[in-house]
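Shared chain: chain A. Partners: chain B in the first complex, chain C in the second.
Moving on to the complex of A and B:
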């Protein structure tokens, strides 16, 4: 390792710590502020909060609109996660094991939604669903979220499938298992952590997706980030900080789970 | 023990028959029209350097690769159209390939579970084979909790538990260290003797091939260039490649001067009668270092040359004492470099620069009419 700590002078070492700390703070501070504000008593989001209170949380949980949008978000994210994973699984097998022309192009195609600006995807998907008269439906939310979540599921599953020693599956086959049987009984259990991580990432992508969701939403059906967005435009209330905190909280849990799954799979 | 020993079948048709088996990747030929018969109960090893097509041949027998052309017969039935899982073949892979999420018992029971063997019978078979590979105490461990040698024993047990017609092993000991490898080689040889199973074994370690197998097939660039017992291949290599590939060898360029004579550096020498080199052609004479006797001038005058011996003259470059043997590097009169290896009990007086006589028995030499530069350059050290 070029950057081994032992070989550095104390000056270099301490400045490195300072810089790292500064960057970490820069990344984490907004989250810290939002969480603090959600517990602050000031209606006008004064910082530091003059007093601590849970009243904004009460407001949040009293308002059926917030609860509905949170439940919608959860529903969309769960469906997106399941569907993206179900599509990603066979796709990953084809992309890793398949021997056909244009395999690498197909791989690029699968990861394209990660590179193309979301606005462009949003506009395109909006156009399609508007024509079909399907905007504002759960179906539209899930389909459009699957598009942007799929690359994350595919990449995670492909990585674990590449690390998986195929001769283990071959061993099951020569032992008498049909190829599909071998995949279900041996390969899937072995790459389970990768599949799980992929599903979690897909969930996360959907959970905090806002650009596409704003276009798909109707007054009756909207996800939490959309509700936050529309509320924000009318009225800057600390309830938004509450919604953000909850959003972050769930994301954090999912990240930790994904991290654990990943660590488990790398053993 | 539920595994039957092979009490010598009366039929003489081979168990496995490879006929003009060919595999091409694009325009690269990985396996080049191989013909090979494997008898029931035989331990046959594919030996060859990296990329010579050993694994590809094995994969075609297992059914993981489809031959480009040719035929594979098992008990006189073609395997080509039969998928891997129905071939009834056992296989052990280099990296154990155990199922990581199952314990040892379930790994070994897997082939029986797939075959829906009743539980009582399944458990009995698993227990029997656990005993055979001495892993009873590890039955409930996951593979990640086993040493390399234990893992490979589990893999062998898993491949044997359903009593396959034939066991394929692709460098099964390649990932283990030397000591463990030798222990497992002995175990494997005993296992083969005891069970009488047919084994096709792949390795690029010639000691391992010699130690284990009844017959060795030597692979070179997708072809089998030598086939026979280790002893025959070593003593009478069919060609210069096999001679230089197996063990070490000296090559001398001679000119054929009669049905069993040739000239080497102006001297007439006798050839073994089994050769097909036309008169007056250049040929390659191969002598193993341990068959080359080195004598000082004094010794040579005291012990006259025998009728079945040849003699050449040389000068010692260097002699190295290796405990049980003495290795000499010698330059012949016309400048060919040869090596001799003698058991170091009665050491001749050979200091560097000493004039010596080289003697070898006619039957200890082999003659080749064709060879490639690469065949003879590999060795000479």
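Moving on to the complex of A and C:
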């Protein structure tokens, strides 16, 4: 009765719906609010805005610092996504197909960067890279982002690989294909959506990463979240709302893509 | 087509080389190095830990961390429960929209959401203005750079992490069990507290542990929405390194945070029974 709409009392049902609606609004409103503010004319972020304008977008796109940091973010996220996927793919095969002992421990190890607080990973890697003089380099950004992005790629690929029926690959081998040939021509195409989703999540993790990036950044090389972070600490200019809107927009596109990839793989 | 066992093992070994090499060089060794520094800087011994647990300002940071994590966990459980319930009630239609809102919020840039709260909660912000217009308050209340700001901002971020495990747990409950209770004459209140809530316990428990652990290690939101007196452990670690260059004390705090996290996570794994790689059920 508490788990079927039909037999629930209307009093209980309506109060549950009202409460849930309020909480959902609490979750969604800040996101719409920030998008609306990026088009508002008020320097002091008055809401509702007195007028609608694109001037903050102009300011964003005129300032080379914002553009450069956005390009750096894109570069770092793409590299992170590719490298994390390339490392995660063979490891996922070994874990799913292997029969050796200790697979659970290895799985825990591979997902450990997701559990250890990001701030600790940031500080630990910062300590090493500082001594080697590597902070403020593209290498430092990519390596540190791959650490936190790896678990997402591993989990996504392992899940799709477990759903794939290995006998199809075996069939190809029986028909005369070499094992590697079978993997590349049969298995990879069928788990492609899982690999794709893993790569997208890795991209998104890197794209949004703040804490590690703040430690790795130098005045010359910074990602978009770092630029937002340092600007935020000075004032709340609407240009940050523009940057936020662009970040939200990109996350939305990637989420839809990942969702489509997953739907495609479940078919 | 079948390879000998030893050759197959060898092949699996090579597949694992890139990830093991990468994690060792860039993750495990730096992490071990950091933990070691807590014992060796400035000199060998436990002095950093003693200092951490004996200085009242540092103890304040620790208790603050626990206070925030506990409050955030409780609030996200209370707010996440009705959401998970509604999604379970309506798996299609409205439930799908609710799930969409949760995923959108989860995957929206953390900085963007925190910035939004900074603007919403400021003294001249929408929330203060609305409250004054309705007549609930006479003059603006300070909601940022204090505990209120941290709690609002963090609960907002953590709700999705409660809803997802809780919803998974709820959808596994057989509605007939609840039906049976009410047929036997139990009023809705009794069914809720005696049957529904106990059946949700695993979901509640894993959601709560997840949120608690994540809250302990959160940096961005407390740093932006909190004040100096609300400093939490992660912010303290960064401050010790960037401002005071005190790696010893920072590493000791990091060690404490890691131990707390791993102990909690161990309990989390105990709650969750199925292994993602070993068992083949549900694949």
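Rule of thumb we're sticking to: the second predicted complex is superposed on the first by the 263 of 267 C-alpha atoms of A that agree within 3 Å, B and C clash if a C-alpha of one lies under 4 Å from a C-alpha of the other, contacts with A are read in each partner's own complex, and residues count from 1 in each chain.
Basically, a residue touches a chain if its C-beta (ideal position, glycine included) is under 8 Å from a C-beta of that chain, and two chains touch if they have at least 3 such contacts.
All values reported here derive from a predicted model rather than from experimental measurement.
Contact with chain B, but none with chain C, is seen for A:175 once the two complexes are overlaid on the shared chain.
Legend: residue contacts after superposition of the two complexes on their common chain; A:100 is shown touching chain C, with no touch to chain B. Between chain B and chain C, the partner in contact with more residues of chain A is C.
Looking at the shared chain after the overlay, A:76 reaches neither chain B nor chain C. In the superposition on chain A, A:90 makes contact with chain C only, not with chain B.
Note: residues 170, 173-174, 179 of chain A belong to the chain B contact set and to the chain C contact set alike, using the contact criterion stated above.
Only residues 1-5, 7-9, 12, 16-17, 19-20, 23-24, 26-28, 30-31, 33-34, 37, 44-47, 86-88, 90-91, 93-98, 100, 103-104, 106-107, 109-110, 112-113, 115-128, 143-144, 146-147, 150, 154-155, 158-159, 162-163, 170, 173-174, 179, 204, 207-208, 210-211, 215, 225, 228-229, 232-233, 236, 240-241, 243-245, 247-248, 251-252, 254-255 of chain A touch chain C when the two sit together in their complex. By the touch rule above, chain B contacts chain A in their complex via residues 62-64, 83-91, 93-95, 97-101, 110-111, 114-115, 144, 155, 158-159, 162.
Those residues of chain C whose C-beta lies close enough to touch chain A in the complex are 1, 9, 12-16, 18-19, 22-23, 26-27, 29-31, 33-34, 37, 79, 82-83, 85-86, 88-90, 98, 101-105, 107-113, 115-120, 122, 124-126, 156, 159-160, 170, 173, 175, 178-179, 181-182, 188, 191-192, 196, 213, 216-220, 224, 234, 237-238, 241, 247, 250, 254, 257-258, 261-262, 265, 275-278, 280, 283.
Those residues of chain A that touch chain B in the shared complex are 165, 167-168, 170-179, 181-182, 186, 189-190, 267.
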